[in-house]
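Chain naming follows the written order as A, B and C, and within any one chain the residues start at number 1.
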Amino acid sequence: MLHEVEVLRRFAPPRLGRFVVPALLLLLILFPFVVNAAFYVHLMILVFLFAYLGQAWNILGGYTGQVSLGHAVFLGLGAYTSTLLFEWYGVSPWIGMIAGGLVAMAFGLIIGLPTFRLQGHYFAIATIAVGESVLALFNSWDLVGGASGIYRTIVPESWWAMQFHSSKDPYYFIALGLVVTIFTVTRLIERSRLGYYFRAIKEDPDAAKSLGIDTTRYKLYSMMISAFFTGLAGTLYVQYLLFIDPEMVFLLMLSIQICLVPVLGGVGTLWGPAVGAAILIPISEFTRGYLGGSAAGLDLVVYGALIMLVAAYKPAGIMGLLRKAS
Amino acid sequence: MTLLKVENLTKRFGGLVANDDVSMYVERGEIVGLIGPNGAGKSTFFSTVSGYYRPDGGKVYFDGEDITGLPTEKVCLRGMTRTFQIVKPFSDMTVLENVMVGAFARSARVSEVRDRALEVLEFVGLADRRDFPAAGLTIANKKRLELARALATEPKLLMLDEVMAGLTPRETQEAVELIHRIHERGITLFIVEHVMEVIMPISDRVYVLDGGRKIAEGPPQEIAENEEVIKAYLGERYHAARG
Amino acid sequence: MAAVNTVEILVQTAVSGLLWGFIFALISVGLTVIFGVMDIVNFAHGDFLMVSMYGAFVLYSFWGLDPLLSLPLVVAFMFGVGVLTYRLLISRVLDAPMLAQIFATFGLLVFLRGAAHLIFHADYQSIKNPILSGSFELFGVTMSVPQVVAAVGAMVITGLVYWFIMKTETGWALQAVAEDKEAASLMGIDSEWMYSLAWGLGSACVAIAGVLLSNFYYIFPEVGVMFGLIAYVAVALGGFGSVTGALVAGVIIGVAEVLGGFLIGPEYKYVIVFLIYLAVVVLRPKGLMGKA
């Protein structure tokens, strides 16, 4: 049997300190001014986007323990909402972003209500089923562009239209802003009753109920928060690429990538998604860049092998590693 | 005054009758024991009364109100909290965090909840282990934690399901003392226990279940001499070994 | 006249759905055998199907071996792949959280799909002029020979798997390990060996389905995606671990997909399948035949 004190030491969370976070933030703000290569700015935008999406997933999948493999649906709904609002009614993507978040949240509520009774794989597969169904619906829904998607109307660059053509920097700062928002929100949740209840539900729903927690209600809260923030990112995604089609936003592969980020970094930890995205996205971009061209598929082989290695040898993710070290 | 009143409770699982027409009551300020051989339906009874299962028949009144069929979480918020025979700590959370989850039932303010949880940990004697992960505690301490978590919800009635099973004699003694101190704080206790010797001295009254039916009730001395109870227990071979 | 035609087409469609259903069933049975024994979903199951189809394709294009003849070779090979997968990968995540298990097999999926792209490129391949080809008419319904053979083969194999698990000593040992690993080991059953067997068996099932499919279906790196998805849905629909459940669910899905695709529109055929799944699990959270 482990001695109690020994376990205590292993459990001590890594402290990132009061200074590390502001310093990191400052570095990230300065980054585009120092590094002028468009590729690296692009890479950082992707890292931010996936750190953000991973964290939004983490609220539901990591903290609350409801493994969703269909989170791309929320991203897609957010992206389509703001796109259509802009293309049809000329509504600013900033408003579209909030509207997209709300649509995603409402959809999360609708699918959460009947599916939260399901456990483990049944829930995970239900989220896949929802995702694939929405994909098929959008593919054949001509009103919203069907399978061929929507090329966004290009307008002169402005913050109002959230379109920038001369530089990627504005996108960089929007992405950074989103990341700061989601990490702040997650931190606040972590330290509030909500966060304690989410974790309690994940660890033992029966015990949670016995302590007065309405587990269904809190799972729905978690789902709504997670879906809302995932939906917000849809707008940035589509504004950045200025194009949208169902395969781009509703694919199962995207859902899987979203949850792979926190899985790699450490599920249910605040910094897990950041660590996961900082490792995963460069690897996947570089392998695609260097290996993808000459030998299509080799990048996937490397990527797949990497996922297997992490799953088999470090199931607690990189943060689990840090935890043990400290 | 009656705090808990259970009338003609019946619970079936498929064709199996786990509780058959069982009636019990608990007065405010009492310690009431519920005993019976293994498989008598004690845990099922607790689970049904506290809202885990919907009863197939009968009524449950708590604090003067009908709570039949009310889900566990609502029952808890009304002031009845139960613990589990097989402890269910939130393993990846610290001892303090575990208890805070309980205390959040009464307040959403973190500082207040934290203070309350620390006070409860002090009371049950786990304060020095507050930053330990619950997974690393010994069985005896896990049971204490289970108690502390339930206490933190500020119950009027605490339902304990075999909190002393599996403890050493010394740990059992400590648990009994703790139960007395909980009682002194004005909390009513309803305790399921398999081992008669432990429960008899601390209970004001005792109920006995066998085969899902109530076979006896009364003061401990009477129960100890009750023919039917002795028969029910003698039917159990390993009772002697365990007691 | 028009009415007669509609009925004819409906019958034709239903028969085609039924034939597909049995193939889905066999794929799903492979998945459910693994899950039933060790509570792990192999997300690369569809890609095992893809590997088997390429196996048949390679043997055909390099050595002229007809799929009917290469069947035992591919099945033996995939049995080995299954056992290896268990030994090298799955045995490490047996007690890990569900997410680690999902990602272990998901990594395998990405790996295999990438390898297929690397070796065979994204082109659609097919086996031209296999022994099983052509079609025949029965009671006015046209049926393709390879599809009927595949369906019948799938039915037979599903029956064999059921018989093996229910009626043989090894099958009982598998069930015992599934029920309670510790108790089984006290009875002298080696759970490691049983887990390997389950993976071998599950992969062999999907290999048979793959080779039979390769007679009449295109082969490409993503071919496993939809078959895999359908298999997860079928297995969950039938109740994880239940062979009969997988069979029934496979057939339901086959008929629903083809019939629904015909009646409502081919773009919605998978939506119908997923909606059936959602409807069933919302009402019965453990699937049609799952243990509560």
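Please note the rule applied: contacts are C-beta pairs under 8 Å (C-beta built on N, C-alpha and C of every residue); 3 or more make two chains touch, one makes a residue touch a chain.
Fair warning: this is a prediction, and the values are worked out from it, not measured in the lab.
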item: Partner chains that chain A and chain B have in common; value: none
item: Core chain by centroid distance, with centroids computed from Cα atoms only; value: A
item: Farthest-lying chain, centroid of Cα atoms versus that of chain B; value: C
item: Chain pair, most C-beta pairs within the contact cut-off; value: A-C
item: For chain A paired with chain B, centre-to-centre distance based on mean C-alpha positions, whole Å; value: 43
item: Whole-Å gap between the CA centroids of chain A and chain C; value: 32
item: Interchain centroid distance [CA atoms averaged], chain B/chain C, Å; value: 49
item: Multi-partner residues of chain C (at least 2 other chains); value: none
item: Interface residues, chain A side, partner chain C - complex; value: 61, 67, 69, 114-115, 117-122, 124-126, 128-130, 132-133, 136-137, 139-140, 252, 256, 259-260, 263, 267, 295-313, 315
item: Residues of chain A that touch chain B when the two form their complex; value: 1-2, 4, 6-8, 11, 191-193, 196-197, 199-200, 203-204, 206-215, 268
item: Chain A-touching residues of chain B, taken from the complex the two chains share; value: 50, 52, 71-74, 76-77, 81-84, 88-94, 97, 100-102, 104-105, 108, 110, 113, 129, 131-133, 135-138, 149-150, 153
item: Residues of chain C touching chain A in the complex; value: 35, 41, 89, 92-93, 96-104, 106-119, 121-122, 221, 229, 232-233, 236, 240, 265, 267-268, 270-271, 274-275, 277-278, 281-282, 285-287
